[in-house]
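Shared chain: chain A. Partners: chain B in the first complex, chain C in the second.
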Partner chain A sequence: MEGQKLQGMVVRRVEKELYEVFIGPQHPGSGHMRIIVRLDGDVIVEADPDIGYVHRTMEKLSEVREWLKPIPLLERMTIIDACNITVPYVNALEKLMDKSPPPRASYLRVLLCEINRVASHLYGFGIFGVFLGHSTMYMWAFGDREVFVELAEILTGARLTHSYPIPGGVRRDMPQDFPEMARRAVRYMRGRLEEYRRIFVDNPVIVKRLEGVGVISRNKAAELGIVGPNVRASGIRYDVRLAEPYEVYDELDFEIPVFEEGDALARTWVRVEEIKQSLSIIEQAVDWLERHKGEPIIPKEDYDKLPKLHREVYEKTGRVKLLPAHATMKIPAGKAIARGEMGRGEIIYYVESDGGTTPYRVRVVTPSARNAIVFKYIVPGHRLMDLPAIYGSIDYFPPEADR
Partner chain B sequence: MKPEELLELLKHALGGLAKEVTVRKGYVEVLVDADSVVPVANKLKELGFDHVKSVTATDYPKESKIRVTYHVSSYLREDLAKPILGLSVDLPRDNPVMESLTGVWRSSEFQEREVYEFFGVTFRGHPDLRPLLLIPELAERRVLRKDFVVKEESIYEGVPHRYQ
Partner chain C sequence: MPARVSLKSLKRRGGLFEGIKSNIQALAVGVKYFIDPQRSTLLYPKEYIEHRPGYRGFIVFIKDKCISCAACARICPSAAMKMVRVTEVDPKHPDKPRQKQYPVINYQRCIFCGYCVDICPTEALYHTPFQDVVYESLADMFLTLEAFQLEPGRPSVSEGSPVVYEVDEERGLIKRRR
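What follows is the complex of A and B.
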């Protein structure tokens, strides 16, 4: 080995009494990342999250793509939560353009966002089940997630990467029979949550592994700046849908579940309660959409520009065919920030325009990118067997963190 | 809290330290000198801005500067949870160095590493300043600066001529 040094390799001395364990990067859980853990016996004394294995230059590529094209690009960060991750980007563009979507488009966005949120939490539960050796939870959660992935497919035409919101509206209206399907899915999921509680969340084995593990106090959560269900499990009542309601969240009736304990079990409970709230929002959204049939899903000024053929397609099928002018549009110079609440927490976009056809700068900070700091500051002091419990409970997702 | 109230609060707290305060779309930007960034950050923290949401840098080659912005907000004070404050510093492009704010806001630690690798901004006093997402060789090329140009490949690139 002497003298041989591979690209990117770092060589340094380690202390003799400590074991250094490399966990990953061959997919230790929900994607490629590595945690370098130093152990004294089986107690972790230091943990260094080494991320970036799936970095895909989202910010740089956004600067060389026309304004619309980052939408299908950015949603690749979290394909399981594609609408939640693109809505704030579209909101940032709308802020720069002084444009706002018609109410029906906003309701459709919210509907898809909440379908995504349920699917994202179920995905998290599945991975969490694998981490804890509970393979039934994995099978159940992934099977039930399919219900919501299919709902999204019926609504948008794509299972995962929907590219649904566009500046000023959405790409497609809801099919006629969608509300009934959505209500069936909601009824089904409510019944399943009770079964989840019996087999997983209230299971004595699971409770023993999660209770009091990875405790993040209220002040610590604020200091580390973590987001989403993790911060709400530590007694902080922060949700973007509440702090700065975007789209039509201020017209809907829902609660923000908050727990005080701050441990892995509380983080799990927050997600269960959030699924219940999302199911209720889905019901309210389809009710509203049923009452307001035939309302526009793009602004009037955009509709007026459509040629005859495009109008016919829009009116008959509810599909918006974009004009070439959309792809090359210019956006007034300015700086804007927009944020949204994804399944895993707050996502924030900083978009700067110099008046050209491409963004001057797009900065995106995803929830997992902000949660990664937990590995460094919360994991030390725990036993090695607690690491999967903490990893699963913060619902960390490497492709989202690496961007 | 409305932007006007926030402006009043900032004027009262920062006094002459803020060079420029601008209301942008979705946040309020406060521009300060690189020397006074730590005292200003401490004052903001005392006001209740307890965490960093994003550390951003933007490269302006024409003006030969890099602007680093810390977008901060509050978790513990619910009335401050709505506004976002952008604390900005302009640094010279050929030698961008500034004090690290990890001592004030621990939550900026990983994102300062990102700005370091993508723009080459050095943060004095950062506990662990090394690349986060990129390998060291790539990080040396400061890929998010404007003079790093993304080469677009044509779909025929590398295809033997006889097939084109």
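What follows is the complex of A and C.
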């Protein structure tokens, strides 16, 4: 076996009876990362996540861009969850500027955040399905994600890179026919989740591969500091929307599903239940937006500054035009921390301003960066076959972790 | 009303009967879609998507409205837009040529965030609702001032028929011919 090359893997003898397998960093099978696994037979003795292959210096790049420009940049960390990842950054800027968005803008942000959350979970299911060899789930999840991507496109004008929130509000109002379309999508997805349950989550083949695999106990989850659906599957009641409600999450009626089993199946179920809750939030947000038609989506002091043409465009198309002052905007010196709940967990921004036109420091902690440690401490003891099941169930996303 | 925690637990799986039932359920769903598949594939280039008016596609410049303020070049997050200095005839004084700055765009860098369109104080830039444009070489993606004022040619219009995607309650995303 020594020096032998297998397709996509290099196998090399490290000790008697112990083999080292490199999984990745080619994209299919591991994402943009490498897991170095040491095997005794086919039981994993040691797993070493080797991350950093898609590090793009997001924090440093943010420091050389004017305040509005990091928004399209930071989206590129998790392109499938673009609104959730930018809202906390914008919240941090708003804290520094002492500005708050009007309720309608907050509801529009929440609406897009939940659309993104559903799309992000469906993306996770697709990858999970293909890891387990269940290609039906892959095609279905990606097909149904397209419904929510389409909704986001109608709302913002771009499929994935929405660049939707700006300090003080959002860039566009909802089109007239959007509520009806969103309600149809919600009803469709509810029916579809029942079919997902039958073909995937309750399918005995899938259940056998997930039940009791990758169990993270409550104590272990707290000790490792993992976040998001993974920690809620281990019985810890932690969600930023619950702990520190941002935007209008404290006005909405929804549940935070918590499971106690802590295995891969529980993590899958948390996501299914979260999709249901997100669909309910989409409905509530759309109802609220319909009841409060014509309310402003930017603060009054910003609206008063707009020239005549800008107001005309805003009244006619619902598009908020920026002022040339936005390009060289200065933000008062100070420090702000803002956090939010993404599809994969908690995201934290620390933004520091020295009063200039660019941030002095932008620190980002993404959920996947905190979840990567699961590979090191949870995977050993399982068989190699269980590794894709654990990987898929924690919904790890390398570009987000490496940032 | 703040969020509530709802503690749930996985249902206990029992016995052979449950296994057989779940297997049959899974197969039944599979058979249902085998007989009546749900497809929304776009047969490009025989069909092309007609996006809604708000879509952020290729950007076109209207020279007559431009006041040379350079706000678009300053807000561009990827430095795709640059100002060029041109000498042109002043309509008020035909004998005296004047120097003016106009934006040009490099589509190798553009990320279609639409900041330039939103910041333009005179609405001299607008989005076309499509993105399927082909350039023969990378150099062609660096538009000149003349090319920037024309809507880019869209080969799919001459070759295919337009379709729109709609959200349907029963079948998700459906394709409808226009």
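In this text, the second predicted complex is superposed on the first by the 385 of 403 C-alpha atoms of A that agree within 3 Å, B and C clash if a C-alpha of one lies under 4 Å from a C-alpha of the other, contacts with A are read in each partner's own complex, and residues count from 1 in each chain.
Rule of thumb we're sticking to: a contact is a pair of C-beta atoms (placed from the backbone, for glycine too) under 8 Å apart; a residue touches a chain by one contact, two chains touch by 3 or more.
The structure presented is a predicted model; accordingly, all values stated were derived computationally and were not measured.
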item: Chain B versus chain C as contact partner of A:V258, first or second or both or neither; value: second
item: Which of chain B and chain C A:D250 touches, first, second, both or neither; value: second
item: Chain B versus chain C as contact partner of A:R237, first or second or both or neither; value: both
item: Partner chain(s) touched by A:D42 [first = chain B, second = chain C, both, neither]; value: neither
item: Comparison of chain B and chain C by chain A residues contacted; value: C
item: Contact residues of chain A, present in both the chain B and the chain C interface; value: 237
item: Chain B to chain A touching residues, read off their complex; value: 24-27, 29, 50-54, 56, 58, 69, 71, 75-76, 78, 81-82, 84, 86, 105-111, 118, 131-137, 143-144, 148, 150, 152
item: Residues on chain A engaged by chain C in the complex (per definition of touch); value: 65-66, 68-69, 71-73, 136, 143-144, 146-147, 150-151, 153-154, 157-158, 161, 163, 171-172, 175, 181, 184-185, 187-188, 191-192, 195, 198-199, 202-205, 207, 211, 237, 239, 241-242, 245, 249-261, 265-266, 269, 273, 307, 309-310, 313, 317, 319-324, 326-328
item: Chain B-touching residues of chain A, taken from the complex the two chains share; value: 7-8, 10, 51-52, 55, 57, 59-61, 63-64, 92, 95-96, 218-219, 221-226, 231, 236-238, 243-244, 334-339, 346, 348, 350, 352, 360-361, 363, 365, 369-370, 372-373, 377, 402-403
item: In the complex, chain C residues that touch chain A; value: 1-10, 13, 19, 22-23, 25-26, 28-30, 38, 40, 51-52, 54-56, 69, 71, 74-75, 77-78, 111-115, 118-123, 127, 165-173
